[in-house]
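Take a look at these structures.
Consider the two complexes below, in which chain A is the common component and chain B and chain C are the respective partners.
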Partner chain A sequence: MVVFALLIINKAGGLIYNRTFAPGLQKLDSNDYLILAGTFHGIHAISRSINPAPPAQPPPGNRKPPTTGIESLESSHFRLTCYQTPTGVKFLLFTSPEQPNTELVIRRCYEIYGDFVMKNPFYSMEMPIRVEKFDRALGGYLVRPS
Partner chain B sequence: MSGPPQVPPKEANHAPIPQAKPFVSSLRYPSSRKTIYDRNLNRTKTTEISLASFSYLFNSLITYHHAKSGSVSEIETRLNRAAYPIGIKMLDLLLYRQPSRTAARPTRMLDLLQFIHGTLWRALFNRSASALEQSNTKKNEYMIIDNEPLVNTFISIPKEMSQLNCAAFIAGIIEGMCDAAGFSTDGVTAHWAGEGDEMWPGKTIFLLRFKDSVVEREEAIKAGGG
Partner chain C sequence: MATAPLQVYSFYIFDRHTECIYSKRWTTPPPSNPSAQSQRPSLPNGTAATNIASKRATKDDNDAKLIFGTIFSLRRMVRQLGGQDDLFLSYRTGEYKLHYFETPTQLKFVLLTDTRVGSMRTVLHQIWATLYVEYVVKSPLAPLEHRKGEGVANELFEGGLESFMRSIFSIPQ
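Entry: the complex of A and B
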């Protein structure tokens, strides 16, 4: 499994988590990460509103946004999978293009986030995530001993 | 005192108590019309609750006490106080749940410690505690060790308050139980012990300090051949 990086963007477009998992990646400085997150947030919002299909009426009680926007983006070197939660948090997963089941991987990351970030009383909402057990659990899941 | 008690004169500062309205519960009943209070106390198979619900509730408890306290030790004291009544009630409940032939209150210190280490832990966390130890230097100090306290499963302590251990809540339960059993303590506290421990980084020691009078009584019973 080759997972390059995971980014989490809050509902206002701010980067709240970024971590790389593979060695030998080009380094971005932290400002570039913020720009990347902000830009993606904007493009994602546009992609949601230019959806050509008429919006399907969501069943009552379902808070899923009617259109999901960008779900994945592929190039010859990487694949970007995006998952937006019902509350507007976006998970961005950078993997190698041949990585299968990225949807499942990103859902599992969301689960880990739900467990160790949202159930942690010392995390303040919308702020950068500095949570030890979250780091450890993500590392245990995404970093495979090679 | 002299003379009969004076009847207070009828004045405007005494108001008649209005008749109590019949109690209307605002509880929402499940479809089976059975609330948790209607259940048989002895039924333990179906009393498991979701860890996620517990975590969110515990989360709110900590956030509340965190906002109200000024220091790490105050948060721990408040968590301890919040759990103390649970310990008192758990003693009665667990004794009631024991098979009626063998039910006996823990009357000796070791019985009580094993009751906490085994019965209480199994009722709360579905497993017994990891170890039970006695201090080598102080004979009133005992330690119950849990390698991974369930209440801390999803909690990461920020660096600036690294001393805080939210298992102080469990310590409060233990303290309540000891007091209810007649073994008063000078406090039960939770301490981190997992530093540098690869396997169990969340290892926690619950330190029980019994009062001197309790230790003396224990020795007197022992000397009497009890």
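Entry: the complex of A and C
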């Protein structure tokens, strides 16, 4: 059970953070990662519009819950869990297919992002994340001593 | 605890030329809002009905294209990340789950279901092996290339698919 990589995509579809934690995925260059982030951003939007499920009736007085895009994707080699924050930032976590509780792991990554990136006064919004403390905290959480 | 029965929403087959050669939906369109209908300018009944029907047909058509685009890109993405022998299996959103199966001849089978459904890979494989191959490929009348779905939606295939799906999912009559 391993976490392969974490990608953070801003609300415009740009890749703002990209880090590999364990080998297992193919090596891509940074340009390919940018293309991948943009592609996923588009597919995420399309996956919301092809929703075939009949709309659920919201409880009286409540607004209809918004449709979510791709939340998890499975392939024979890895599993991708996506969490979109209410502000439109997407967290993409690549893990091995048998990794449990990926939703919790990704929420914790979001918390670390909130603590070390959003609370950093020198971080400019929507720009690539270069925050040393964030790197360290993520490493401490996701890199398991072998 | 009583759980709601598993539901299937739709099924698509795409050929290797990116064309949708078969599609089937089991969902009924949501009843249109009565207040919205009363606000509609009064049209002769026939015109309104055909308009709605043709709109639905174009929407189904567009959905098939969007689904193809999605699986095409995801398949490429998965290959790029996981290596050439990696296979895209399924994705799940908050509302539905899409299952994908590709044959060695690049025929693509797509099934959209409830989110609680487990892996449907064997089911899609069954549809291909026992229904598609038996009733479409082996049919002496079927053309080699199914342009615009020609020869796929025959009686035996439709009937077999319907009863197979009914044995797994709950489908409203």
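The working rule: the second predicted complex is superposed on the first by the 130 of 146 C-alpha atoms of A that agree within 3 Å, B and C clash if a C-alpha of one lies under 4 Å from a C-alpha of the other, contacts with A are read in each partner's own complex, and residues count from 1 in each chain.
Criterion: contacts are C-beta pairs under 8 Å (C-beta built on N, C-alpha and C of every residue); 3 or more make two chains touch, one makes a residue touch a chain.
These numbers were taken from a predicted model, which means no experiment stands behind them.
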Requested in this report: Could you look at A:122 and tell me whether it touches chain B, chain C, both or neither (first, second, both, neither)?
Outcome: first
Report summary line: The chain contacting more residues of chain A, comparing chain B with chain C, is C
Query raised in the report: Where on chain A do the contacts from chain B and from chain C line up?
Result: none
Query raised in the report: In the complex formed with chain C, which residues of chain A make contact?
Result: 25-26, 28, 32, 36, 39-40, 42-43, 46-55, 67-78, 94
Query raised in the report: Any idea which chain C residues touch chain A in the complex?
Result: 9-10, 25, 27-28, 30, 63, 66-67, 69-70, 73-74, 77-78, 80-83, 85-96, 98, 112, 114
Requested in this report: Name, in rising order, each residue of chain A that touches chain B in their complex.
Outcome: 115-116, 119-122, 130-134
Query - Of all residues in chain B, those that touch chain A in their complex - result: 52, 55-56, 58-60, 62-63, 66, 154-158, 166
